[in-house]
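Heads up, there are several structures right after this.
The two complexes that follow have subunit A in common; it is paired with subunit B in the first and with subunit C in the second.
Let's turn to the complex of A and B:
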């Protein structure tokens, strides 16, 4: 990959903050120099359901350096939930230590604050808690009777599912399971919390800065203007840092009590129980099709779990509403309250898991029809989003599939499983289609332009975050483009709630929203400077000359971008296709990814280098989902027995293979003025299905429960009709 | 005058001390880019960045933020740590890991805390030239050893070849695992020169010095450093460029108009 030092959008420039990152200078949450800070360590429950009978903190309090121990007995009263089972959102309050009730294993039951990290860590182990234990609900399977429909929009139907199945020549019913997964960004959730005369300053690792100030102000019932949140660099999020979790509130409670800044780092072990997760989904699929491959019916029913006190629903079935042209369609989502923490969004919530079920089922149906799985998908393509009855702003799924097939060498694929071998290896090719909604949200920013030695330089400020997504770089490129100055002369300042409000990073809306927000500020600045001097709008004039003509050395402007009315008339999605070659050892069941091809159609690519990073990152997490990642529940006590990176297997370097990524040249001007669509979640979508489908093509075994580990693969039986 | 105002005055007048000049040189910032750099950072961010850029000797408020001797240390030990070619004398709780000493006592926060269990590699530093997990290393055991952290890899303002390659090949996203990945890569260059074997080495009897590592060998040997953002392919590319001047690996391309035309939905 050659480095090109150039300006403007579309160029693969190096990340502008890259130098700070490769020299260790980029500042993450607990790396800000804060004077007189002290250290906290949280204490977790060791039962999954019940009540705290007593807490003995005396020994911990006597330990060297300990300043305070917080429990439900001495914690201040925080705002409580106003309703039963409130929905979890990114502005939802996070009350903690408010009662003696325990809802899940690992719930926070105390906090120890000491002079040093070592002292706090040691003393936290000295807190003695006695419980009255109750039998927890921890099994999805045994609690089916408690399943409920969370909201009206949890269900959807069009046509008549039964009639569609009856009209089919070939039918399929299959159930797919995806396990509990954890986000595990490399930077542990952490905060330096400072409560100073009613004013809060929190250096904290969050994806959404403004929403974080809302959570803090609501939970403590203080004015939002008194809360400042700083997240200059965020060491990964993947959804887990969308919500402001209870450790932030704990640290602030302690800071308020002690009058000192408190640093609290959630341990990797606590990251399993206290900072969100993707829940187990059981997805039942039914498909009906005519002999020629025309879909007649498709249903997608999902059973998941939420916590016993808050509701989160992953919309797994949404992808099955809109991806294919099928007249009869049924979508259902049901939840069971279990004694685990509340799940939350994890990279491509709905699509990542839903596409595993849908795209596996499509492959199964193609096999039954003896049709090529690409032809089967193309046969059922639609340019209309049937669930919304409106057109897609752009949809190049067929192009993604065909161009990818050519690049990958799909025509070499053998239709019959177990026929492509190399020694002990069974070789399989798999394909899957991907779609991910490309939202766009109201975003504001400020531009400060100044004249320095005759040259115009600019600073963009917004409360956006860069969680590894490349925000700093693409915002600088945008300012460069719309101000007509080199990227090198643009400074970008992000992640501070003092800056103009953005929707934050999540839901694949970051790139489109941030860049259009920055564009609006730059355009306003230029327009205002021209207007003052009666310069016609269309006249080209260098920014420096514009400032000089105005006799200005400094000028500021703000701007806000938001979706147009046109946007609301369309369904706006990014599309893609995944191709995988997987080798399976026929004796050990070990799988190796040999190569992958990903094709993406995601509007204007602002910077192919950072966009490539987003795609390969999604693919890597997709590989983890398919082959290695799962959080296992201890069946008696409800704790997680995968408690560290030694037993929760995030993919490592050797797990990955070469990846070729093809971007389709596209600008979606309906999506927004810059034609940009999201790409951060498209990359993970349907990856697991392409791998599972490749494994079927290699082995003749349908692997419907993720992850596809060697022991499962060895135990699985050949699919009927496959020759051994 | 606040600390910040003093700095603003200094930077505008350009009268930095020798030490301060040296620090900017180490960051690779020459006169003009130095000015731009300083201009480019706001009051809050300067104080934020300054703490790592400037060791306590030259940056007073950072020194104040790092109490030399917190009260009531248990099993206090005095340790002289030689880090990035300068000696730091610390009174530490004997339980303090090298990682926490670096981050919490010396404001060398480039070394990252990712798991505290030696399972993620984010805390990798070089001790006597070899990669070491600083979260599993007690600071007190490092007396007399030469410690190099990410902050000490650049020389005279020139980034280490591995740092440059990571930057050019986008060998990171969020940047949190990056210092560990880079320290591992730097050590791996030497491991290859010494001819050390790995799990995927075909024949241990055949191994020689000055190994040219295959892609699989690089992937295996870098598997102790988790990158959850998934920048592995770019990391391998960055390493290959420095190790064997070979950085030809598939990356991204745009579909051509001809490809688009041929693939059109019929």
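Let's turn to the complex of A and C:
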């Protein structure tokens, strides 16, 4: 029923919560008015491995305003990991201050609580810790012997890799490195935690509210129903807020002890060591191809590190299982436990890093074959996901490549490197394919419809989070569409565990899941109202009239959407292609991205404006990955020497290019009823390869270690000559 | 942050009298406050001097320009006189930090900003500059951002300022007020020092001395100048290497040259020998290359910063070529 379609889905409307944000009215975690709250500051270890021999808290305890100092000596016993090296998930418990062991530099070893933030910060410096230090394992390279296979699914093979390589006319083997990176959302991880007679209320910056309640209830062994988590607005997450981290548990421990709400903000510096990261990946690629470009073999072997107490494996190789038609395929993932925190998902885990290796290697092979890299990719396209032996619900990769090439002016590209120059600048064009799974998960929501002065208005509630992506807006647009009322008349309330359960934000499933959840509630409401009055399903009637006919001024309905059986029979992915023009200064080694064209096929675009924002954000993060971002390890002590935004170089406006973002119209009704697919992670996927490939085309040098900094380009010697 | 008292100095006298060895003058605070939050600087008193009346720019009696010590970096760099006659200074200053930081930062504070050596910032790491005698973490550690000239066994840090590289190429003097109320003039090259066995001392300033002015020489490089800054992102990043180059030309010959490099030493590194070498030469690529070789011949890099030697040479050639080609 579509009586009014003024602002339903598909319209590029402004964010409905935008005004709240720019006027400072949107409440982030520590902005909720909580009475009597006190402030905490964590104390961090200053060694990477060893034991705490003693902690002297006397001076801190005496400092002005200090209410409590927690250490492993006086902290309550929490539930411990049940097994050795448990896998990190989004509901994994987060025990903290449970022993005197130190596993990494910056690990929480204490918490100071005081009347004010300044007092707590100062007193935290007065806590004196003595350690028995051991030599930490901090070098991937030196610890290779400790590599292990995390799970059965870490490996995959199809056909016979060796036979495939033997059958090839051209072969390639190359290793690609991506460094430790940090998510660094704008909003720091933060919480106001209240423990009230066994009941918990936590205002916290999380991507997944329901999972947060699980972690808290599990860690403290209290009923889940007694835990309420609120994350109404979240200033970015990028994966770092998927897990409910130890600062939340610390604040709750303190609140429980003191009987007061405790506010704890993780500092920017602490965000390097305690709220997750992307680990260093070393990816070895082997490719075999026939002269005509037909792939005969592809292997993708990844070596990464996890912490010494928990396991996280980024599935870098997964992209090489499914992107191309290759009969012989081998994927391996190995982990080395090192003395760093447990890594976690960071925007497009697997694809962002994996596609850098795969799509660089594809470019290298195309060059060996003297084939256009787009033709090479098209030659090996597949409509079947060979890793699952099932069709893609929809796959427009070829179209993305062709349309992008057209818009970008790809035919102007010179295949031979170093042939396009302008003064000191070497100019190159690069391309890369992108793919990202478009999952869709069970989601419930509630709609409350009421009649106000003859007009129907609605409120949608669900525990979903808007982590800066535009969820509020697209949910309102969905309700507008399915209730037939203007978006302005829809209120959206999110991020409260009292609302119906959703999977939360992560994995690019938010838009599809949330909107289908909202749709289900709205459809149920309309159906129910019609049924009561025996109005045929197909009949068009305005919502206000429907309420009036029912003699109702208020009506509530819930709805749940979940993947169909049909969905399970397909592989559901978004696809894309990235084109970049990069200029490299042959003397200074500085690179400039001049322009980019990004084409995506990501199902129905609910709101072109917020979708554009997602892609631009992803591309910018991809530029950071390619050129500027890296967390550097101190080689003797194992701390990170990039410790603030002054030295962890996220890209600035000047680093970004003119970007054209194109979405191909795509109908994918298998993905879900609304045909919505994820775009949150599609944008970052493939950017790094596109840029590295452009740099090869510009300079003739293959840059296989990210980020591609001036130092590295200078060391690669930008003299004429092309690497084989 | 540790507790401290705050004195808003109303005039020079009050500032000087309030001084004690455990206090710090406060300019824009863009460096000092960060270091206090990091627990690196631990003053018990801050004496605010940024509002003192040393904010003018005027012609001095030597035909040069005098720049107030408390003027902001933005106001200095954008001042019409500076832009017209000392565009090299303007260019170096505008390459630094961000507009917001430059708005806050004062000229005096800029001269005294401390190294960005990551060991210096991390209170738990060994660092002779922060804690004399604790060792230098960088020498055998991560030294990709460190010195290739003039370092010692006790410290290999570099001075991070862009403005100071511009000043070194231009030639300048620094005017300071001594605690006894008298004035001292320090040649710019003598202002910052090499680490030697006392890396905790960045400059030759005596305790309590207050920077009130920078005097520039008669303008000589207002036509041919260039500030090249090589960095890891396009803005808001310290230099890996920077070069300030100024040339004076008459009848197709170089009559005077100013050349200094940033990111390579404990102080802005002025190439006096190269400046002399260039005089009397006809500017062309081969001369600039010879100048670059000469400049970098004594460079002694560490494991992590060998790139700086090659990068430095290329940067000198580029900066000199740009300076030559440029006509403002």
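The rule we apply is simple: the second predicted complex is superposed on the first by the 711 of 724 C-alpha atoms of A that agree within 3 Å, B and C clash if a C-alpha of one lies under 4 Å from a C-alpha of the other, contacts with A are read in each partner's own complex, and residues count from 1 in each chain.
Just so it is clear, contacts are C-beta pairs under 8 Å (C-beta built on N, C-alpha and C of every residue); 3 or more make two chains touch, one makes a residue touch a chain.
Owing to the predicted nature of the structure, the values given are computational and were not obtained by experimental measurement.
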Classify the contacts of A:587 with the two partner chains as first (subunit B alone), second (subunit C alone), both, or neither.
-> second
May I ask you to decide whether A:652 touches subunit B, subunit C, both, or neither, giving the answer as first, second, both or neither?
-> both
Scan A:714 for contacts with subunit B and subunit C and give back first, second, both or neither.
-> second
Would you check which partner chain A:125 touches, where first means subunit B only, second means subunit C only, and both and neither mean what they say?
-> second
Please indicate which partner A:116 is in contact with in the superposed arrangement: first for subunit B, second for subunit C, both, or neither.
-> first
Once the structures are superposed on A, label A:406 by its partner contacts, choosing first (subunit B), second (subunit C), both or neither.
-> first
Does the superposition put A:424 against subunit B (first), subunit C (second), both, or neither?
-> second
Of subunit C and subunit B, partner touching more subunit A residues | B
Please work out whether A:19 is in contact with subunit B alone, subunit C alone, both, or neither, and reply first, second, both or neither.
-> first
Kindly classify A:634 by the partners it touches after superposition: subunit B alone (first), subunit C alone (second), both, or neither?
-> second
Subunit A residues contacted in one complex by subunit B, in the other by subunit C | 118, 122, 644, 646, 651-655
Interfacial residue positions of subunit B with respect to subunit A in the complex | 27-28, 36, 39-42, 44-45, 47-49, 51-53, 61-62, 64-65, 70-74, 93, 95-96, 100, 103-104, 107-117, 119-120, 122, 149-151, 153-154, 159, 163-164, 166-170, 172-179, 182, 200, 216, 218-220, 222-237, 247, 249-255, 257, 259-260, 262-265
In the complex with subunit C, residue positions of subunit A that touch it = 46, 118, 121-122, 125, 424, 587-590, 592, 627-628, 632-637, 639, 641-644, 646-647, 649, 651-655, 709-711, 714-715, 717
Can you check the complex and tell me which residues of subunit C touch subunit A?
-> 1-3, 39, 116, 118-119, 121-122, 124-125, 137, 140-142, 144, 228, 230-238, 240, 306-307, 310-311, 314-315, 317-318
Using the touch definition up top, name the residues of subunit A that touch subunit B in the complex.
-> 1, 3, 14-15, 17-28, 30-37, 64-65, 115-119, 122, 183-188, 230, 232-236, 238, 265, 267-268, 378, 381, 398-399, 402-403, 406, 452, 457, 459, 467-470, 488-489, 491, 493, 496, 599, 605, 608-621, 644-646, 650-656, 658-665
